[in-house]
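Okay, so chain A shows up in both of these, paired with chain B first and chain C after.
== the complex of A and B ==
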């Protein structure tokens, strides 16, 4: 992917985090049984019930992808500023991409499991 | 400021010294300089060179903020020595160092080779499709006031290197073109007489030329001519995303 495209996506994901984060918080407070998560001691599954709402679980997944891209691209930029070199740049690009994808996969798996457990 | 023997105010100049030929030739040396009203830091340094220490090396020429030769770090900020009044600094000790982000040749004189090579790399001249017309032209290229306004402030750059010295990205990423070269690139891109267009933007898509700017805007803060390189970089970024 061209650096120009990556940086354009960087700005778009930055804005996306604000929008998706806002929707996510609004969902938590308005739609899902938020108060249940505060009663975790009485009901071990209560906290999971917030994941039952598909909108909440969905925005959480979108947030995960946006934050992973934006955050790891930011880290990539910082690392590329610390040192310059063809091999180093290539290594940083590959390592950061692999870690970001791994994080998204693991996070998606966690959200899916929580969504299924929340069902009940 | 203290009063000297003749009743003149005195300030201490703590000047960075570096001699590449000496093993321990790096450090600060302090001089006491009598100060009169309206005296600039450059005049203070010239007093040192004439009366106290002739081995002091520095670069200067016009003494009126036009040539851009006497850029140096004065009390921590990149400034033109000829354009900085001693009184405006309001300190008893003035610390003078070479410009940051430039290799030091000797004392306060720095090497501008890399800076100028980055400047040259953006083709800082009008590009016309008809090169013959450009070289042998007998017609004038007229511009409206609005067209001139688009690039005029960026044409005031005197290549003093203060913005380059203040840039935190240049400090870490040596491949970054720097605010001066990027502002000049925009100056020609925004010029209605220029036909460089996409050709000018093409080299900017890599990871180090333009996109590394973090918009610290320290370049615009230190420019002695009121040029706003940070603005040029943002406008250039917009052009790159829309046209490049």
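== the complex of A and C ==
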């Protein structure tokens, strides 16, 4: 991908995080007291209740992908500014991509299983 | 060769992490980077920690309900630590600063609140850093402090808001 495209995506994901992250923070802090949001189940904004709700679980998945891209691209830019070199740049690009994809896979697993656990 | 690489990195780190003598622009640059890296590290920890909702890293199919509940309650006990809560309050500051200052950067990069170029005259304040940009920078600091106070109240019940 061209650097120009990546930076445009950095801005778009950043603005997307404001929406998805706003919904996430609102469900945890504003719509119910924090200690109730941290409960496992049995109240409307408990952990499993959020994953059970297809819209809120979908929001978490979107947030996961957006933050993984935005955060790790940010890290890539920071590391690229620290030091430059052909091998170094390639290594940074690969490591950052692998870690980001691994986190998306792990987080998606949590969301999918927690969603089914909530139905059970 | 390795020595040259290290000194390049050390010099680069110095210019980011010491924002003195350059005005708010440099403070915004340093804070944006430090908060970005910190939030990304928190994001990694958060994805791992919330993985315990379904019973941890070893679980790749739907586990027994009671097992997942037990692991989550153990995780909650582990996380009930004033050091973690203090860290989250600091993260509230960083997330709100990074978000609002990030909006400023997006607007500036598209030329929307960018100041017009002028002749460089004493005291050499950057004309590109317009009043609107300074305003949004200070707004981001204000909202970040408000978010941190709110978080401190949630975790430590200091104000009883």
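Keep this in mind: the second predicted complex is superposed on the first by the 95 of 120 C-alpha atoms of A that agree within 3 Å, B and C clash if a C-alpha of one lies under 4 Å from a C-alpha of the other, contacts with A are read in each partner's own complex, and residues count from 1 in each chain.
Keep this in mind: contacts are C-beta pairs under 8 Å (C-beta built on N, C-alpha and C of every residue); 3 or more make two chains touch, one makes a residue touch a chain.
These figures come from a predicted structure and were not determined experimentally.
Enquirer: Would you check which partner chain A:3 touches, where first means chain B only, second means chain C only, and both and neither mean what they say?
Expert: First partner only, chain B.
Enquirer: After lining up the shared chain so the two structures overlap, which partner does A:107 touch, if you call chain B first and chain C second: first, second, both or neither?
Expert: second
Enquirer: In the overlaid three-chain picture, which partner chain does A:58 touch, first (chain B) or second (chain C), both, or neither?
Expert: neither
Enquirer: Using the superposition on chain A described above, determine whether A:89 touches chain B (first), chain C (second), both, or neither.
Expert: Touch status of A:89: first partner only.
Enquirer: When the two structures are overlaid on chain A, which partner does A:81 contact: first (chain B), second (chain C), both, or neither?
Expert: both
Enquirer: Based on the superposed arrangement, let me know which partner A:67 touches: chain B (first), chain C (second), both, or neither?
Expert: The answer is second: A:67 touches chain C but not chain B.
Enquirer: If you tally the residues of chain A touched by each partner, is the higher count for chain B or for chain C?
Expert: Looking at chain A, the partner in contact with more of its residues is C.
Enquirer: From the superposed pair, tell me which chain A residues show up as contacts to chain B and also as contacts to chain C.
Expert: The answer is residues 81-82 of chain A.
Enquirer: Can you name the residues of chain A that touch chain B in the complex?
Expert: Residues in contact with chain B: 2-4, 7-8, 77, 80-82, 84, 89.
Enquirer: For chain C, which residues count as touching chain A in their complex?
Expert: So the residues of chain C touching chain A come out as 5, 8-9, 12-13, 33, 36-37, 39-40, 43-44, 47-48, 50-51, 53-54, 57, 59-63, 65, 68-69, 72-73, 76, 95, 99, 102-103, 106, 109, 150, 154-155.
Enquirer: With touch defined as at the start, can you tell me which chain A residues reach chain C in the complex?
Expert: 11, 14-15, 17-18, 21, 29, 34, 38, 40-41, 47-48, 51, 64, 67-68, 71-72, 74-75, 78, 81-83, 99, 103, 106-107, 109-110, 113-114, 116-117, 120
Enquirer: In the complex, go through chain B and note every residue touching chain A.
Expert: 169, 172-175, 205-208, 211-212, 240-241, 244
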